[in-house]
Amino acid sequence: MLTYSNVNVNYGGLPVLRDISFKVEEGECVAILGHNGAGKTTLLKCSVGDVEGATGAVSYRGEPVVRGAVFMNSRRGIGLVPQGHNVFRQLTVRQNLGVAGLNSPGGALDDVYRLFPVLEQRGSQIAGSLSGGQQQILALGMSLMTKPSILLLDEPSTGLAPVIVNDVMDSLRQINNSGTTVVIVEQNIPATLKLASRAIVLKAGRTVFDGASRELARKEDLWTWF
Amino acid sequence: MEYILTIMVLIAIFVILASSYNLVIGYGGLATVAHPIFYALGAYTSALLGIHFGLPAVVCVLAGAIVAIVASVLLALSALRVAGDYLLIASLGFQLGLLQVIKNFEFTGGPGGISAIPNTITGPWRTPVYLLICGSIAALTVWLIARIVHGPYGRAITAMRDEELAFSALGRNAMTIKVVVFAIGCGIAGIAGGLYAFYFQYVSPEQFEVLHSAAMLTMVVLGGMGTTMGPVVGAVMLIAIPQAITFLNLPPAVMAPMQGIIFTTLVMLFLFLRPAGLVGGLSKDRMAGRTATEKSSAGAAE
Amino acid sequence: MLQQGSIPQHKGKAMQSKLITALDRRRFLQAAAAAGLSAPLAGGGAWAQSKDPLKIGVTMPLTGSQAGYGNDFVIGMRQSLKDLNDAGGVAGRPLELIVLDTQAEPPLGINAMNKLINVDKAPVILTAWSAVVKAQAPTANREKVLLLNTGANAPEIAHLGDFVYTLFPLADVDITALAKYTYEKLGKRKAAVLYINNDTGIDAAKIYKDIFEKAGGQVVAYEAYDPKATEFSGMLLKVRAANPDMVHVHGLITDVPMVIAQMRQLGLQQRISSYSAGYNQKLIDQLGPAAEDFIVTSLAPGVNDNPKVTEFLERWKKEQNRAPNGLPYIQYQYDSVLVAAQLYKHVLEKKQEPTGETMREALLAVKEFDSPMTGKTVIDGHRVNKPVFLLNVEKGQFKPLAKLD
Amino acid sequence: MTVVLRVENLNKAFGGIVVADNVNIEISKGEILGLIGPNGAGKTSLFNLISGVLKPDSGHIHLNGRRIDGLPLYRRARIGIARTWQNMLLFTTMTVMENLLIAPRSYPGESIFKLTLARESVRQAEVEARKRAMQILDRVGLAGTADAMVTDLPFGHQKLIGLSRALMNDGDLLLLDEPMAGVEGAAYETMQRVVRQEAEAGRAVCVVEHNVSFIKDLCTRAVFMSNGRILQAGTVDELLASKVLTDLYFGV
Amino acid sequence: MTDPLVLLQILWTGAATSAIFVLLTVAFSLTQKVTGLWNFAQAGFMGIAFYAMFYVLNDLQMPLIAALAAGAVCAALAAVLTEVIGLDVLRARKSGSLMFFIFTLILAQFIIYMLTLVFGTEPQTLYKSIMSPVRIVGGIAVSNWDLTAVATAATMLTLLFFFLKTTKEGQFLVAVSDNAKLAELYGISAKRAYRVTAVIAALFICAAMYLTGTRGGVTPNSPFELVLAATIATLLGGMGRVFIGAMAAVILALIQSFSVLVISSRWQNLLLYGFLFVTITLFPRGINLPRLKPKAAASPSVTVGKPADVTQGS
């Protein structure tokens, strides 16, 4: 569904991604792990064409990802939830969801409300005034409004209380079970490994592990990767 | 010949202005548009002192510079707390407001300006002597600014502009540097004002309208912001080109707008083709922020 | 001949003179063509080439907000020039106007003047617009070039120095007359004075106020407005509250119609006066019936007072296909060239080199000049006096109201 | 051992996000303290609080017994806090040498008065600073690049320049924010060597680093942070062996 | 002076004439909100709109509707071209704000010189007459122009409000102005939003120039004054708050009108610039008018990931 082949990215002399190749299959749930600076965010950005000067090929359903026009990739069904509670801060919750769903006729509002009842309750609240956890949930809900076929998440649990992290992960599981492919970048490794069946570990821009989550847990040199 | 010399005096004055503006905006990274008002303060102060107290021209010009410095420090202390676009707009308000004050006071001659500024040098050698004075001061300004920006002080300025946070965290006081750079730049503009007043013996508020800061800015950018010789080249070109165009003997109704069109077209062309300016060489479009690569490298660590 | 002695010296002065002469000639040809001189030039080509023209510098706003006047001023001058040259010029030499643009802005005025003095070597320069004259004065005094004002009226012009003279009566002449007339003849007691906040307005408004109050009247509102303003309601309502019985608006043709329009729209029905800048058909066009009973001054006789003016106007209409902007001013422009020619004549007759100093001496010596369009010009120190004509708008036209001496 | 830095009951929150939750830390002369924890744990924020980029909501910071939490950023550097940055924050339009010359604690060239009135002292300071800068560059093996633009250097070298610049400040406390991120090979070795030397020379060093082997090799003591709180302190081995922390980190 | 009729008259006339100011402020402020730019090139678009109308009315002798259409189309075209040829390039280069500032300012000057070349510098009015019929309503003079101005401003503001609130394209603008990068992730093209904004701004500019040109003379240079006023109102309203900016425009106009009662009218401009300077130094985020929804403002705003780059946790 999503294919990376020999992707390389450099920022001002620093190689951020080196020769990354992997495939995400339809319906999979993949975790991408690695410490700060390992290149995880860049990796995600490549799949919506938001990285200048990336070499190699990223393709989605056999078609290459359009470079430099994020909105076109988004319309094709690639949903990215960026890091840092990215919501339209000046709009209400309902407006946020509305705006996100504008390009996907039919609407997924009911599904989103079923998944995240809190969004319905907070419908008229200005998004910027939500708590961090609620913003993260809103961002997730907004992404679902685009009815993505593949959902890429960048550290959805950052700054969330542990209880909420569980909620978010549960929702993601439901989303994945309903047929949406999920790729998740996380620092919160335990929660992520419970969710994802497959893990990819990046270190300094290279893939150092790609396999089943259960296998990862057995690795002896785990600490040296992080 | 005399006419050419007069133009050269004007060029010298604008070299002083553009260079000092470059110190503030190019090297200091302080985006203000209030430079003409300091030029005005210098001009008015020296003109008024010359007329009412008959002080020697040198004293008047220096007093003008001091007034410009004092005003610039006042502006700096209130406006340098805000940065970027805000500083731009705050300085705009300062410029427009102070000019309005000058226009409305009687002792400044109101909107009509002051015309009876005493002549300090008489005789056929007046313009050559002025050219010598203005030229020397222009050269001195360029030299002084080059010295400032290339010595240890300039290093501090550059570092401050490059990365203010790291700069402060190394023990350097960014605010002091900003205020001092601003004051020096504006003080030099004040001197230019004094020279103008004594040479042309006439000052009026229109000469210091905010659009003139666009002209000065254009000189700086066209020549090469943050370079020593850039503003010099810019000032020479921007004064000389319109003068040269007047020799084409176009009908007047075409002349003025043609001058403007040629001028703005040139500026836009340079803006797009040589964003770093004529003298800019290899330095990048670095005036009001970092370049693309720097920015993304800052974000590269996720 | 008399003047020949001066020419070689003039010619041999500097290396660049050749280039400049070439430039000048080209400009002259262009100027001649522009002024419709091409036909007589063909006939008089022989003398035009054999003898250097006598130069008269002109600095006028040819572009910018005042260009409408400035350009017409120059047309007026060129008509005068044509008539002079058709009649053989001065002492057999043609006259030449070298016209530079000031945009009515002081720095450009200085710049243009420098060019006229240094490149074109004109000993006499005709100029107008108060701020420009003020700015040029130090240069004139320093370089000893005769600067003649042909249209600015700031009273300060009388005190600008030894080389600055006016051919145009300053504001104290017409404004004094108008203020007196308003009090004495129109019987107004409470006046409001609105003026543009620049050289034109400030001094004139002061004079109006002084004279009106001295006469026994009361100035109940005295307000300045920014030259760039387009919105006057607040000021006008202040006037309305003060309830004057006469309003004097001292501004330019760019703003006076707007002031009057907004005034009428706010329900102020008082009679309005202005000075000669308001003497412009455009104002009536823009205001329609609201312009009725509007009083302006004129410092030159009109069509009814002087047949030459009628002739001049007809010729203008024929050549330009329209009426001139600010006719009374343009009459002064026509006459100003004649004054300059008379100065040249005097200097050349005395076998002097025409320089700023000799031209100035000539001015003081001749003192009285024929001025067909505006009546005799008598140089009285740094002032001139002329009769003041008042006009009133009746049924969409300026009609003579009074002549005040 | 002399305590160089003492942080007492430090608190800081942005809106609802707590970056420092009653943090207490002491670092002594010659010690290298490792600061580990997941992303968002508040490690960099702690550096920012100590160096003065951020003002704490409450709590005290002492350097060599002197309370410093009220001082502005630049004053703290002058009394002896040197730090590096996660994103390096090098002066990108300047050469390597120039980057270093900005950094000495005393910099008379910063004063326009000294520049005009005490030229000689400025010159003297300049000469000394250059000498010191060359020594430091020599130590990191980059003496040859003194006149190169920093942006022309490879990433690992830029990191070393970031460190060298901090070393120009000869104060007692050195804060290193992810010195190893993106660094490999020879540069890695150099970094490790230089940091160790600094500690041996008597500085108190605090390192934020994800590279656990680096922490393991260098640090005698480490603290584990999460959600702005210090969860555990001890030797590196203790921390790594701790079931709680490993679970927290990996949940295996 | 304290005659209530006078005060009412000032209020009415001030409010009516502020319509021009309001329309231009909305154009400027909306552009600033969506694109994040201080687009001084709008001074040029104003000139284009005016002279297009002037040309169609006076030289082609066509009806008003054609003139308005021509003015709007020409201004919109210029605005969109500026986006495509100029601003997009600078954006792609990630130029500093000073570059944008110079570019828009120089472009405005360029357009103004072009217009000068073609139309000269004489002040022109759209119609020969600048008089407009007046009726007295309860002792207050109300001119047709006043009514047109108020109606135009009110209609256009209402339309804009509903455009932004209810239409898809309008919501795109809102999203892009809030966070362009994020909007792209939801399939919204920022470039397209910028262009739509340029067109809307052109419509407002055209309406404003119609009002200006029927009230007094316009020269190629006059838009500079106008754009300056719009900048100031935008700032006082607080950036990104278009409708509050429009309110600020009305209030500023009224303050100017009323100030005449206490100070000489020649000091009016100083008042304006003084406001600008004080506001920007004391309240760089604009004067905070009490929010209509106090609850939303009172609840703690979370600034995750915002507290400057350096504070991002490791």
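Here the chain labels run A, B, C, D and E in written order, and each chain numbers its own residues starting at 1.
Note that in this section a contact is a pair of C-beta atoms (placed from the backbone, for glycine too) under 8 Å apart; a residue touches a chain by one contact, two chains touch by 3 or more.
Here the structure is a predicted model, which is why all the values come from computation and not from measurement.
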Handout entry: subunit E and subunit D - chains in contact with each
Key = A, B
Fill in the blank from the handout: Neighbours of subunit E that also touch subunit C are B
Problem - Shortest walk length in steps over touching chains, subunit B through to subunit D - result: 1
Handout entry: Pair with more cross-chain C-beta pairs in contact, given B-C and B-E
Key = B-E
Practice task
Find the geometric centre of each of subunit A and subunit B from their Cα atoms only, then give the gap between the two centres in Å, rounded to an integer.
Solution key: 51
Completion exercise
The distance between the C-alpha centres of subunit A and subunit D, rounded to whole Å, is 33
Problem - Centre-to-centre distance between subunit E and subunit A (centres being mean Cα positions), rounded to whole Å - result: 40
Exercise for the section: Determine the centre-to-centre distance between subunit A and subunit C, using the mean Cα coordinates as centres, and give it in whole Å. Expected result: 77
Exercise for the section: Quick one: which residues in subunit D touch 2 or more of the other chains? Expected result: 15-17, 39-40, 53, 85-87, 151, 178, 181-182, 210
Practice task
Give the residues of subunit A that touch two or more other chains, as numbers and ranges in rising order.
Solution key: 12-14, 36-37, 83, 131-132, 159
Completion exercise
Flagged in subunit C as touching 2+ other chains are 63-64, 67, 197
Problem - Residues on subunit C engaged by subunit E in the complex (per definition of touch) - result: 63-65, 67-68, 197, 223-226, 228, 230-231, 233-235, 237-238, 240-241, 254-255, 257-258, 261, 264-267, 285-290
Problem - subunit E to subunit B touching residues, read off their complex - result: 38, 89, 93-99, 101-103, 105-107, 109-110, 112-114, 116-117, 120, 224, 228, 231-232, 235, 266-267, 269-270, 273-278, 280-281, 284, 309-310
Practice task
Provide the residue numbers of subunit D that touch subunit A in the complex, in ascending order.
Solution key: 15-17, 38-40, 86, 151, 153-155, 158, 178, 181-182, 184, 210-213, 240, 247-252
Handout entry: Of all residues in subunit A, those that touch subunit D in their complex
Key = 12-15, 35-37, 131-132, 155, 158-159, 187-191, 193-194, 204, 217, 222-224, 226
Completion exercise
Seen from subunit B, its contact residues with subunit D in the complex are 151-153, 155-156, 158-159, 162-163, 165-174, 176-177, 180, 184, 283, 286, 290, 293-294, 297-301
